[in-house]
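What follows is a single structure, written as structure tokens, with notes after it.
So that you can tell them apart, the chains are marked A, B, C and D in the order they are listed, and the count of residues begins at 1 in each.
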Amino acid sequence: MSASIPVSNHLDNTTDDPTRRAPLIVGDNDFHSVTEAVCGIVEMPKTPPAWWIAFFISVSLTGVLFAMITYLITTGVGVWGLQTPVAWGWAIVNFVFWVGIGHAGTLISAILFLLRQRWRTSINRFAEGMTIFAVCCAGIFPGIHVGRVWVAYWLAPLPNQMSMWPNFRSPLLWDVFAVGTYATVSLLFWYMGMIPDLASIRDRAKSKIRWFIYGILSLGWRSSNRHWHRFEMAYLLLAALATPLVLSVHSVVSFDFAVSIIPGWHTTIFPPYFVAGAIFSGFAMVVTLVIPTRKFFHLEEIITLRHLESMSKIMLATGMMVGLAYSTEFFIAWYSGNAYESFAFLNRAFGPYAWAYWIMVSCNVLVPQIFWVKKFRTNLVVLWVASILINVGMWFERFVIVVSSLSRDFLPSSWGYYTPSIVDVMTFVGSFGLFMTLFLLFVRFLPIVGMAEVKGVMPQAHLKDVAALGHGDYHGDILTEKGEV
Amino acid sequence: MTEDKSNDIFTFPKWTSILRPGIALAAVGGLVYASVLVYLGFSPLATDVGYMPTQPVPYSHAVHVGQLGMDCRYCHTGVEVAAAAAIPPTQTCMNCHSKVRSNSEKLIPVRESYATGMPVPWIKIHDLPDYVYFDHSAHVRRGVGCVSCHGRIDTMEVVYQAEPLSMGWCLECHRNPEQHLRPAEFVTQLDWVPEEDQLALGAKLREANNINPPTDCNTCHR
Amino acid sequence: MTADTTSRTNPNDGAELFGLVASFDKIDEFLEAVTKVRDAGFSKWDTHTPFVVHGLDAAMGIKPTKLPFLVFGAGLTGCTAGIALQWFTNAVDYPFLISGKPIFSLPANIPVAFEMTILFAAISALVGMLAFNGLPQLSHPLHSSRLMKRATDDKFLISIEAADPKFELVKTHELLESLGPLAVEVVEV
Amino acid sequence: MQYWRSMDELAQTPEFKEAVKREFPNDEWDRLPPATRRQFLKVMGASVAFAGLTSCRWPKQEIVPFAHRPEGRTPGIPEQYATSIDVGGSALGLLVTSMDGRPIKNEGNPLHPDSLGALPATIQSDILALYDPDRSQGLVLRQGGQDYVKTWDDFHTWASEKVAGTGAGVAVFAESSSSPTVARLQQQFRQTFADAAWVEYEPISRDAEREGTAIAYGRPLRVQPHLDHARVIACFDADPFLAHPAAIPLSRAFTEGRQPSEAGISRLWVAEPGYTITGGQADHRKAVAGSQVPNLLASLARELVANHQLELPEQAMNFEAAFGSANADGGDFIPGLAADLMAHRGSSVILVGHGQAAEVHALAAVLNEGLGAVGSTLTYTEAPDPGRSNHLQAIADLVASMNSGVVDTLMILGGNPVYDAPADLGFAEALAKVSHTVHLGLYDDETSKLCSWQLPRAHSLESWGDGRAWDGTLTLQQPLIEPLYGGRSTIEILAAMLGESNPSGHDSVRDTMSASFADGDFETAWKNALHDGIVSDTAWEPAVTELDGSSLAAAGTALATLVGAAKPTAHSPELVLAADRKVFDGRWSNNAWQQELPDAITKATWDNVLEVAPVTARELGLSEGDMVEISAGGASLELPVCVIPGQAAATLSTSLGYGRTAAGTVGNDVGSDTYRLRTSASLWVIPEVGVAKTGRKIALATTQDHFAIDAIGFGARNDRISTLIRETNIDRYLADPDVIQHMDHHPPLVSLWKDKQYPGEQWGMAIDLNACNGCNACVVACQAENNIPVVGREQVINQREMHWIRIDRYFKTEPGVGPLDVEDAEIVFQPMTCIQCENAPCEQVCPVAATQHTEDGINAMIYNRCIGTRYCSNNCPLKVRRFNFFNYHKELADVEKLQFNPEVTVRSRGVMEKCTYCVQRIQAVRIGARNDNRPIADGEIVPACAQTCPTKAITFGDLNNPESEISHLRGDKRAYGTLVELNIRPRTQYLARLSNKVGGDGGGGHAPPHHADDSDHGKEG
């Protein structure tokens, strides 16, 4: 089928011909070759040195992270640049940043799944993994930013001798529940999707230890169709549950700000604005990671150029959404006639933090505009650089929201200017270390492509005449199938 | 592992099939166990109640209060006017013991203290956290008996902590004080029992003296 | 390997049988075979595929699963638990006066209730799926079958258990052979 | 966490004994008499309560009761004792709170004329000095580079040899004292040792005023202004509201004259080089160089005489010639003031500051005579010690005789001349020439380091004494605690030198008093005096005065030269020195509360800054924080620039008392020592100083960002000030009292749910911005009452200061003025602390409910519940919450912890804190009232800030009681809330400021509605 599409380079499947469905996998792959390609990574006899180098760097950065946390907890949050009025600084910025990134995975797995976007299959595992790791990093910050970590468990509604309970009116508590749920569900989703692939690795095991580990992890999966049947249903349900969840999580995070009264925070637009931003940054991070990975592990045929192009289109769309949000904020600030509100936004754009504001605007609104051009969408270097710039921009978006609003609120007497301490910076850098460490372990020891799902969307997996067997197909690609036949 | 049918296929032994109920059990049981452990382990019920240190002087409340029938206020003078009931000065002991048992060995520390002016280092038993501000006068004047918090001191050879003195325990009484209210004259009478039903009496007294204990945080925390 | 697989398995060497396994590598043939086995009226049989093969459920005549009801129930429980928790803690057990707001008002409680709903439902979805499937089950006779090794890779298998009333080693063996498999294997317990 | 609490529990663990030993050298400790040791245990006691809550059952605690409990002492019940403290020759009455034998808080003595129940920040902070571990802790004899620990007996035996016979070669250097006992002993000393010299010196001296009166009236007199009768007050470089021994009665009297009434309010004219808090209250203020003040005053005199035909008394005729040459370009200040004064003859007064020359004071005296002020708005009393020569002269003579070797034994009883004597005298060098030198002082300071003997001085709370208020009222001083460091008082030293074997301050004072209470039974009189702290009706009678023409005429030429003084220019500006508003002459340098207190005007902490006018800063190319080198007379030093609008051009202002080298761990090397530029020729105004940029820039530890700010912020701030701090002119207010309410408009405040009803006592507060002059007294009172930590310079720079009360200082500029072209500006103050919103934004965001509302309407903060998310602080529209970023008490010595108020939890790291209306005081009163079944009377509960406010600007009470004062104030037309448009329902409201400009309408235009249907006004909740 792929042969019938006129392409110069067999790896370029980005041609848009409405009469034909572009292949999701290129090259003459069959089921086995896919298995080989993916399991091959895990089964590599010898770990490549490049991996070791990357791993060493990441682990040492992780070390820095934990050193900083220890210092923080033993000394007090004063080691950060926090102060009055700006009592939330990088910790919260980083939290929102990482949670945002953590949105791509579930979005790709769940929403694209429900939307029948079959191209997701090649990247969803990867993105889900990234989600988990991002959420891990995110989870750290609200944990350590409290003044008395040792009593942070008071956030949980546990019966106690004080007969005290947490205050459920506080957005911060909503956060605890939202992020907690999101982490759990993402983990379930990720693991469940992985079970059949773990079974493949188990069945290919040559060594007892490998067989043992993957045997345990795959829970004795026999790829029985009676199991597949329920597996599919469970997957569908999880997807259906994760979709509103992923939208709710960043909405709830945005409540931390929207529910307060601080000018620049107290905005009804926040939930959609934050969700769009989250998806935006999430996809950017996927692209940043996937480009080197597919090259390094030779997965170009499975994670194809078309996948990258589609993601850049999504970034373009979401980028424009945040752009719209920025301008709406200004309009409302002016239209509301609220003096404090309008000052807050003028101050953002032209006050002491103008530099941060304009970095944010140029990275998040201007940079994605290049994706109107196909040449850029399909140029890996451009795409990669752009995705990194977008991540930078999204971090600054959170910085601008958190810091610039706090630094100048109602009483001019208590205005201040926040500058991060070295500990702030090292902690943030360290969190990347943790993220990369987990990610590297993932690509080395777990199936980074959902083989079972990829195989399911390969041409070989399709019958000449499906309808004859009247099946409960959920992919809903019958039309395109028909169009093809 | 089990003996393989053929050396290139690994399989798990049969007994692993008990894994499933095992996991289920561990999941449920562990949860219950943990919560019980935490609840009991961290509750003052377990940590504080029954705390009975040895005092420098083997002073027996059982003798002084139980047998001799001394009133609490004879020694704990602050109880009706101040936050602190106050441990009596050595002076107070000597009021009697300069004559009674004036050369008992047990009283050596007391006599020393009286002579040198150096205090007797009593060990604190009913020890609230330093961020809790309990006022004896506020309770005693409203008719909350000593016994409610300190137990039957008049029967204690060596004093120990009878009640948990935890926040939840305080709140219980602040929410419905009826069960602990008594006529003012019986406040220090540890063995007093009401003729009528305590709750009825409590309700009456509460009505009469309009006792509405606040449960605001800054009632006890400042 | 096809030929010797069959030959090596000795139908009557006394060891207790689990059943037979046949493997295919073309979906169409496989589905044909499945329908045949189904029509042969076996009940204790199964198919094993590397991925979800569309139409296989119908071909095997599997009834839809009850999982959704379980998940729905769990979701409801979560939601109720969420609201009950907030109502009990903040409005009943120790009511606080906060920002002059009502002691109990739904709007403030929606986020937590919602998250609890999702959490309960999601967990029940995975756990339910595993429970219905009888997983984890590390030890299963089929794991000792060679053909099974490719079931997670690129082959499509049909397994018929000896426990099936209609099972007769020779007959069933022939039936499977007649479906044109790559190989047929006798699996012992 | 660490928490502090002490009932009658006193601790005695090994660790604790260690601590005591560390604090106090062994010999000292062992030599203490049992009584003292008991006192010790008592006061040191509960420090064991600092054992952290580490395990489920925290460490074993001991209860160490008295062996012999003092009469009528109930453990855990605080007691107040009346005593006094003498500062610069005037005694201020105190009521000191003592908890289980530990003095923990200084409050004012309501019966004392200079206190009236209030206290300035400095005296309140003095309680820290009592427990200061840096205090001199034993007698030291320095010989041949060796330090020897000595006893009092050693010293007195030595002294009896040195100070003997006729006392030849002996000189006593004493700081000025108002104590009759000291005076009596001084007399005896002089009689006994006829040849001994007695020198009195104060670096911050009011001698100029004294000499001025001497010129005018032929003999030294003390000026007693009565501002409550004054309708027009003109201050020339005078700061009666802070830099005056009677500052409190003066500012309170002024406030009374400013209360709105049909008759209008008094009007304040101020001409001064740099902003003072008096200047901040002015209706008309003129920034004028210090050297030009004589010219300005003379011009006023000329204006009065020439254009208003004011007849001056004939004794002053020749004097008139002197100001004929006056030519100050006061703009409309002089004509306006002159007219005003003439219009209010007999009810106006002219005050001149102690920094101006005697002749200027004389001129003021003449004008006051002419304006009929004397006898009504101003009276004179005889100077208490007419005999003494002025301080400057005295010390100059002493140094001379030290150099000439006449003095061989110098006894320095208090004071720190090596540090604060005029630089040109070279006191230190002279001291080296004296063979035997003794220094009695609280600290082992700059002077004692150069003396052979250092004697520990007893703190005023440790010793007996007496004194006289500014108006002469007799005041007693009684100890609340045995000397912690075995110190002795001046009285005891003198008594000993006069041969008393066992000197007792108590007896000496009784002896003096026995003379004073003429009639009646002495014991009762003594008991009453001790109880009241004062002896009533002992104020001095007004003196009968008569201008002295001859001495006036003689002073004429001197005045003329002053009037003709050259104007400073930006490139050779003048430097104006002043006593610091916090550390005064340097005596409170080691006082952490004072060091961290934001200066009323500059809001700078932990530094003395160089106040520069914007225009001068531009001309010299200086900006905020620049380190500049100031040089004069060979000496030079560096100061950081702080640009202050309203500062006189070409005039640099800074304060004395910093740059100490032997102050102690707190005060050493803080700021720079401006005494080094101070010479006997120019004590207050140093002309033609050199200014050079060093190129270095430092971060000023200010608690409020000063006016250097970007255009957007500057604009927004100016827009907001008018609604935050509402102000209008009295005439306009009388015409339309609702004007205040119309200054801000917001949409109707609708709530989503039914409003909570608040039955029972509902606490509320009103702060009168018309009375507040930003003196900072409340800030320190709050700090002392609530155990508020000191965070240090670095943390203040990081904007982490902990004061619960923040006195917001704004510069009001004309609309349309940009940040770069500000020249002059009015100052307005707004004390800002938690306003206890009913719909508090902080409460709803706390995830653990650590801050919530109580039934009596207080926004409670529960420290032990707080986990430190800081969300509440973010969501507080006023940013009045304070977070413990570190454990700020970790560094404290145990002895310092004795000052803590046991009724308030000491917060540890990671915890949010804030004002709670002094909930501990509310609880104390409530429990007491409930115990004896009575309602709480209005005014029975007084928060620390309200208690100590010199101008009674703060009122607290029950909003549900229609009779309470607070209810009346809340009904006042001037009452308004801050940020009410947020529907936060503040419990603390402000009363608008009233100005009284000549013909000014003073702002207060009807604000444009924020919203179409605007019904609600500023007043709300």
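By definition in this document, contacts are C-beta pairs under 8 Å (C-beta built on N, C-alpha and C of every residue); 3 or more make two chains touch, one makes a residue touch a chain.
Note that the structure is a prediction, hence the values are computed from the model and not measured.
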item	value
Chain pair with more C-beta contacts, A-B versus B-D	B-D
Chain whose averaged C-alpha position falls nearest the assembly-wide average	D
CA centroid of chain B to CA centroid of chain D, Å	48
Centre-of-Cα separation between chain B and chain A, whole angstrom	53
Chain centre separation in whole Å, for chain C relative to chain B (CA means)	58
Gap in Å, rounded to a whole number, between the CA centres of chain C and chain A	29
Numbers and ranges of chain B residues touching at least 2 other chains	12, 42, 44, 171
Residues of chain A engaged with two or more neighbouring chains	163-167, 169, 171, 173, 215, 220
Residue list for chain C, restricted to those that touch at least two other chains	94, 96, 98-99, 101, 135-139, 143, 149
List of chain D residues in touch with chain C within their complex	751, 753-756, 838-841, 843-844, 849, 852-855, 985
Chain A partner contacts - residues on chain C that touch it in the complex	27-28, 31, 35, 46-60, 62, 64-65, 67-68, 71, 75, 85-86, 89-90, 93-94, 96, 98-99, 101, 108-109, 111-112, 114-116, 118-119, 121-123, 125-126, 128-130, 132-133, 135-140, 142-143, 148-154
Residues of chain B touching chain C in the complex	4-6, 9, 11-17, 19-20, 23, 171, 215
Residue numbers on chain A that touch chain B, as the complex places them	158-164, 205, 208, 211-212, 215, 220
Touch list for chain B against partner chain A, complex	1, 10, 12, 38-39, 42-45, 164, 166-169, 171
